[in-house]
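In the two complexes below, chain A is the common chain; its partner is chain B in one and chain C in the other.
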Partner chain A sequence: MMRKIEDSPLYGIANPKSIAIFGASNRYTAMGTGILTSILQMGYEGRIYPVHPSETTVLGHTAYQSVLDLPETPDLAIMVLPTRIVPDVMEECGKKGIKYAIVVSGGFKETGRDGAVLEDRLKQTADKYGIRFLGPNCIGAVNTHLKLNATFMPCEHPPGFIGMASQSGSFITQMFAYLGRYGIGFSNGFSVGNEANIDIVDCMEYLAQCPNTKVISLYIESIRRGREFIDTARKIAPHKPIVAYYAGGTEAGRRAGLSHTGALAGEDRVYEGVFRQSGVIRAHSIEELFDFCWCLGTCDLPAGNRVIVQTHSGGPGAVAADACARSGLELPALSESTRQKLSEYLPQTASMNNPVDLTFTKNNMDFFVEIPRILMAEPNADALLMYLMLPRRNITRFIESTGLSTEAARAETEKFIAEQSRQLAEAMLASEKPWVGFSYYSGESPFIRGLYDAGAPVLPGPNRAARAIGAMVEYKRLREKLNASA
Partner chain B sequence: MMRKIEDSPLYGIANPKSIAIFGASNRYTAMGTGILTSILQMGYEGRIYPVHPSETTVLGHTAYQSVLDLPETPDLAIMVLPTRIVPDVMEECGKKGIKYAIVVSGGFKETGRDGAVLEDRLKQTADKYGIRFLGPNCIGAVNTHLKLNATFMPCEHPPGFIGMASQSGSFITQMFAYLGRYGIGFSNGFSVGNEANIDIVDCMEYLAQCPNTKVISLYIESIRRGREFIDTARKIAPHKPIVAYYAGGTEAGRRAGLSHTGALAGEDRVYEGVFRQSGVIRAHSIEELFDFCWCLGTCDLPAGNRVIVQTHSGGPGAVAADACARSGLELPALSESTRQKLSEYLPQTASMNNPVDLTFTKNNMDFFVEIPRILMAEPNADALLMYLMLPRRNITRFIESTGLSTEAARAETEKFIAEQSRQLAEAMLASEKPWVGFSYYSGESPFIRGLYDAGAPVLPGPNRAARAIGAMVEYKRLREKLNASA
Partner chain C sequence: MDIIDQALARNQRALSEHEAKNLLSAYGIPVTREIPATSRESAVDAAGQLGYPVVLKGTGADLMHKTESGVVFVNIEDEAGLTGAYDTIAERLGSAFEGVLVQEMVSGKRELVLGLHREPQFGPCVMLGLGGVLTEVINDTVFRVAPFDEVEARDMAAGLRSRDILKAFRGEAAADMDTLVHCLRTLGRIGLEHDSIAEIDINPVIITLDGGLRAVDALVVLKEDKNDAQN
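Up next is the complex of A and B:
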């Protein structure tokens, strides 16, 4: 494995000080124009050189007829060009001294024999000049911390901690809004396309060293370098979690992958074995992939699998208990000392079993801060799963009853909820045991929105939350095993 | 089974022309006040009689010291009173001639021996006067079509088609916002509480006859009348689907249920057998429960399990194929005639395998209407699963390129998207084969919002969509089996 992050070809791809872009024009419908628009919209601060055969400016930037005319050697070339001219342009980039490229253009190996020949020429040209490149047939790359979005979709989420390498570009670009909804996001995203030069193993090595990346996320249709994948992952996993979704787990999924990227996927049990050997956590849906990343990136690891469920509603508590059991988690009984400490806070209707069902509390903050603090001190428990709901309108009704006008009561409600969110998020994120929320509400609830914005993990529903805690337990065990065998 | 819906005790609960409410006051924090507030807020048009020992008006309505003082015999009594006085109030209601009641008050059997004694007295009193009642220890009931929300949580979703009976009140009230997010909702919701008089079987019978209910949804911690449950469900299932979530599937879930409602749940395989015998579709999470209801309530049933996946992105297509296979669905190859018809619409980059991966289309409406219409005519397929994404900002960029100002382009974008949503929803809902969408976007995307609002089933993610199609296939088979054995 490389020693310095700068040694990685992805460093050059993700951190350019200057970019030559081929295929952007003033025609808005062109894919290349879309990419340049995204770069400009996100506020990239490096120098940009559009290369275009006829335009003199492109989206307000001076354009150059040939890369050879540029006033400097840019760090990165992005190509969104007709397939047949890509190898020639790569040749010119080589002559100019460019060392890194992203080839977005498709029409290569994935289309058959002629495309494969062209792809070989592209590879050979790059090799001749020592150029490392992402693609072809990819959707680009994003480094949110550099405000660099070299894809055709707008990325509006703030810098995040999930570093992703994906064999489907869609799971980079089409996740921007999805992740943003939960207040999480990519640190870096790499669409690897046909992996003609840089592959998913290279991406893992880079993301392992990337200081902005807390957890590595992989979408896999096929692993091309099996041995290297395992060796690399085993070195990374003890330090940084890797989570993967494998699309070829079924015959139908395999066939779809083949048709999509020409990937020759293997049987499910083969991949299952590869992941286990590598210390890679396997997710079974895209949602789960990001759920796992979310929790692994925000929580300390649990010492074991014993979870306390805290709720104020019996049904959601029962469902959460059921979900925990299905995810291999145990619900320990509370110790006598915890029960004693709790009794101060709980009404008679409450249950001190696990789930701890408060039914209601005299003071709201008891529910959100004081009681979980007692539960977190329980020596028999390794994590807390908490049901979250704070119905705005009922609070407004309550505040109105103090004699305030409806308008004033609404304003007070917003303030109250914001303060509850803030304190709860702070406690969750400071906790030394994983403290995960679940809710059937989402960002439309200001309480949940506040938690998302603060970075606290609140998963949609108990099943997803329990699975994510299960993944943390699994990662803890895998890491111990890898460390023991290292 | 009853012959007329009016014979059901739930008819009296759900369709009162007048209500006496006990426990509402001008103190906003009282639960009873919360329920009366909800009733008033939703716009219930019947007559309301608060009964209160000292207030002369309650929330603007004339209050009465005793139910015996009311100017008429109300159809329904709602009691939110201290436990110990509930049986006496029931006695007075009997004397007044009231025939139906909802007892929200808790503190009965679920709290132990003394509570059980009180519950017995309550039952005997009701029996003496022939009163049928919901509860005690329940959260109330809602009939959205009558604008009657007798729970303490505001219900703001429009009338829906899901009829629910729940052993946890939370899965009525705390789902209002959840369902509303997707544009679906309850027709009726009954929180059955301790089931002292009316139980979940009674609710099923009512919902089976209810013309506003297309699908019956059950949250179960324990079935008290097993034989009747099976017999009733078997009679209903051939005509109306029943979907159930069972919380006691694991030891932890069972213990939680016991602590919640005192339910003595059975082993998972026992319940699995009961559901199978009854023709009840089993959901494995609350989200799934409503996903299944959504699709069963909006789609015609599939003839079999053969699904076409339509996508314009390879990754989401591969994930959907994988999800279908895991849900017991097959992805048939397209017949020659379908391929021929498709070829007119598809670019060279497209795949005519299954998933049908369009990559892009010249005309957007081809993707949303013309192409699915061709796929729906495929004799080898029983259903269509379609990936949905229409990125607003890329469309705005495109429209701007025609020379419009940004503001005008945004307005055009909204119009364009609304029209696409409308046409697609119309086609989906008119289809004779199930046509289910999936998306990683949600209501924050105006395209998806438009589909939700029109009532089209668009599920969050391919796994949930595939599971829901699987549930429709299962229901079709169960129904055939029940009809054959009838």
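Up next is the complex of A and C:
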């Protein structure tokens, strides 16, 4: 395990001060042009050197016929070139003294024998010059904190805390908008492609050390260095959570082994064991992968699996309780002291069981701040799961009924919602126990939008929220297991 | 190890049950007391030494799944039962018949399966599951990559859906977890130390009334040629 982040090959990939890009032109349909456009649009502040055989400028930047002509040795080369010339370009980069590269080009090992031969040549050339490279057949890399988006898709979400390594580039680039919708995002994203030189294990080591990364997220189709994966993950997981989605199929009995063991060892079962042994939290969908990252990156860990559900609507509370049970969570009864403290805030109609169903509170802020504060002090509970909604139109209607004009009522509504949202987010983020919201509203509701923007976890629906709390409990257990081993 | 080398020299695809148990026993995995016999008389002697009731299993070249072949008789209570079973086994196996294995009869309601196989990317992997004839149907199994420590072995057992059968169960004592941990870790060690072993099945491992473990049947499959061993 490396000691300093600078020792990681990914450091060079993710933190270049200057970049040579091959395959960008003034033709907007070219993939290389798309990547350079992404780099420029995000506002990368380093120096950019397009290399192009005939263009003199590319997207406004001076272009060079050969990498050897560049006025300096850039930190990183990005290649978006026809497959057959990639090894030669790698050779030239080596001669120039470049040490890091991203090979976006496909057509290598993934296409068959000829491609594999070419990939071997590429690897040998890189080795000869000590070049470390991502890919080939990948979609690039992103470091939002450096405003570096070396991928084909625009990344508009704010710098985030999820460090992702993916064997599918789509789960980097096509997640930009998805994550942005919830106000979360990648710190770094690495599309590893064929993993000819840098693999998932290298990425995990980098992300473990990366100060902007709070949670490591993996999309895995196949682990190439099995033992190294386990050993590395076991060293990282006590300090930083790792969440993985594994897409290997769910087949059983694919083997023609002579033993029962061989027949029972479906890939999925083996990976299940590998993840647990590695201290890696397993997600069962891509949504869940990022739900888990969201909560693990924003909440303190729960001490145990006891959850209080707070709601003002019966159905959503009941569904949340059901979802908790399914996720291995318990709903403890409230202690007498908690009940006493609550009673001054609650109307006659409220239930002081768990779920705590408030039906209606005298003062909105009681629901969002005062009551949860009491529930958070409950010694028998480890986390709070809270139903959230604050529909704008309803509030405007109520305010109008006090005699204000529609316009004034609307302005008052905005102010009111923003204030509620702000105070709730503040309380959620300051909580020492996990405090997770769930809602059937999303960013279209200004109240929920405000919570997203402040960084508070509000998951779509009770099932996803309960699963995410379950994942935090699981992480705590895995961490304790690894610490017991150490 | 001699047992393996000799079997390889004889071009065996797998160790015989008795060889497999000798191997496991040498590593401290508890196996049934058993005596091979090649005649009715020596089988009767063996049963006398072990004490009735006994189990009688036919042995023959490349006979890997004996239950399905109808050459396993359990709970034999006396000499008449033993000689009758012996004759039936000899008849069913015909020219493949080599002899029998006389085993102590192990009682216990709970059966586990332990195993070892190899994964190209992970190397030797150890399996723990609910054992017995319903193993494949119930399919309650957990895996770990060797080597792993005691904490991991215990976590493995905790990962079974049917983990509660390891606790005290219907008048039978809780399973001896230290022994189970030892067996799981040892299987991994065997996988790491012997490239020539492709797969191991220990099915069932019976949890005895007092919570002890006993490997009642075992299969050790060898690699077809040494080149496979590079996995």
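Just a few scattered comments:
Simple rule for what comes next: the second predicted complex is superposed on the first by the 469 of 486 C-alpha atoms of A that agree within 3 Å, B and C clash if a C-alpha of one lies under 4 Å from a C-alpha of the other, contacts with A are read in each partner's own complex, and residues count from 1 in each chain.
Heads up, the rule we're going with is that a residue touches a chain if its C-beta (ideal position, glycine included) is under 8 Å from a C-beta of that chain, and two chains touch if they have at least 3 such contacts.
Not measured: the values here are computed from a predicted model.
Residue contacts after overlaying the shared chain place A:62 against neither chain B nor chain C.
Within the superposed three-chain model, A:343 lies out of touch with both chain B and chain C [touch as defined at top].
Contact with chain C, but none with chain B, is seen for A:223 once the two complexes are overlaid on the shared chain. In the superposition on chain A, A:397 makes contact with chain B only, not with chain C.
By the touch criterion defined above, A:484 reaches chain C but does not reach chain B. When the two complexes are overlaid on their common chain A, residue A:406 makes contact with neither chain B nor chain C.
By the touch criterion stated above, A:276 is placed in contact with chain C alone, chain B being left untouched.
Once the two complexes are laid over each other on the shared chain, residue contacts for A:351 go to chain B alone; chain C is not touched.
Note on chain A: of its two partners chain C and chain B, the one contacting more of its residues is B. Comparing which residues of chain A touch chain B with which touch chain C, the overlap comprises 252-253, 257, 259-261. Taken together, the chain C residues at the contact with chain A in this complex read 13-14, 64, 113, 115-117, 119, 121-123, 125, 127, 129, 135-136, 139, 141-145, 148-149, 151-152, 155-156, 159, 198-201, 203, 219, 221.
Of all residues in chain B, only 27-29, 34, 37, 106-107, 111, 152-154, 166-171, 174-175, 177-178, 181, 219, 221, 245, 247-253, 255-257, 259-261, 284-287, 309, 313-326, 330-331, 349, 351, 353, 355, 357, 389, 391, 393-394, 397-398, 400-401, 440-445, 460-463 touch chain A in the complex they form. Chain A contributes residues 222-227, 230, 252-253, 257-265, 269-270, 272-274, 276-277, 481, 484-485 to its touches with chain C in the complex.
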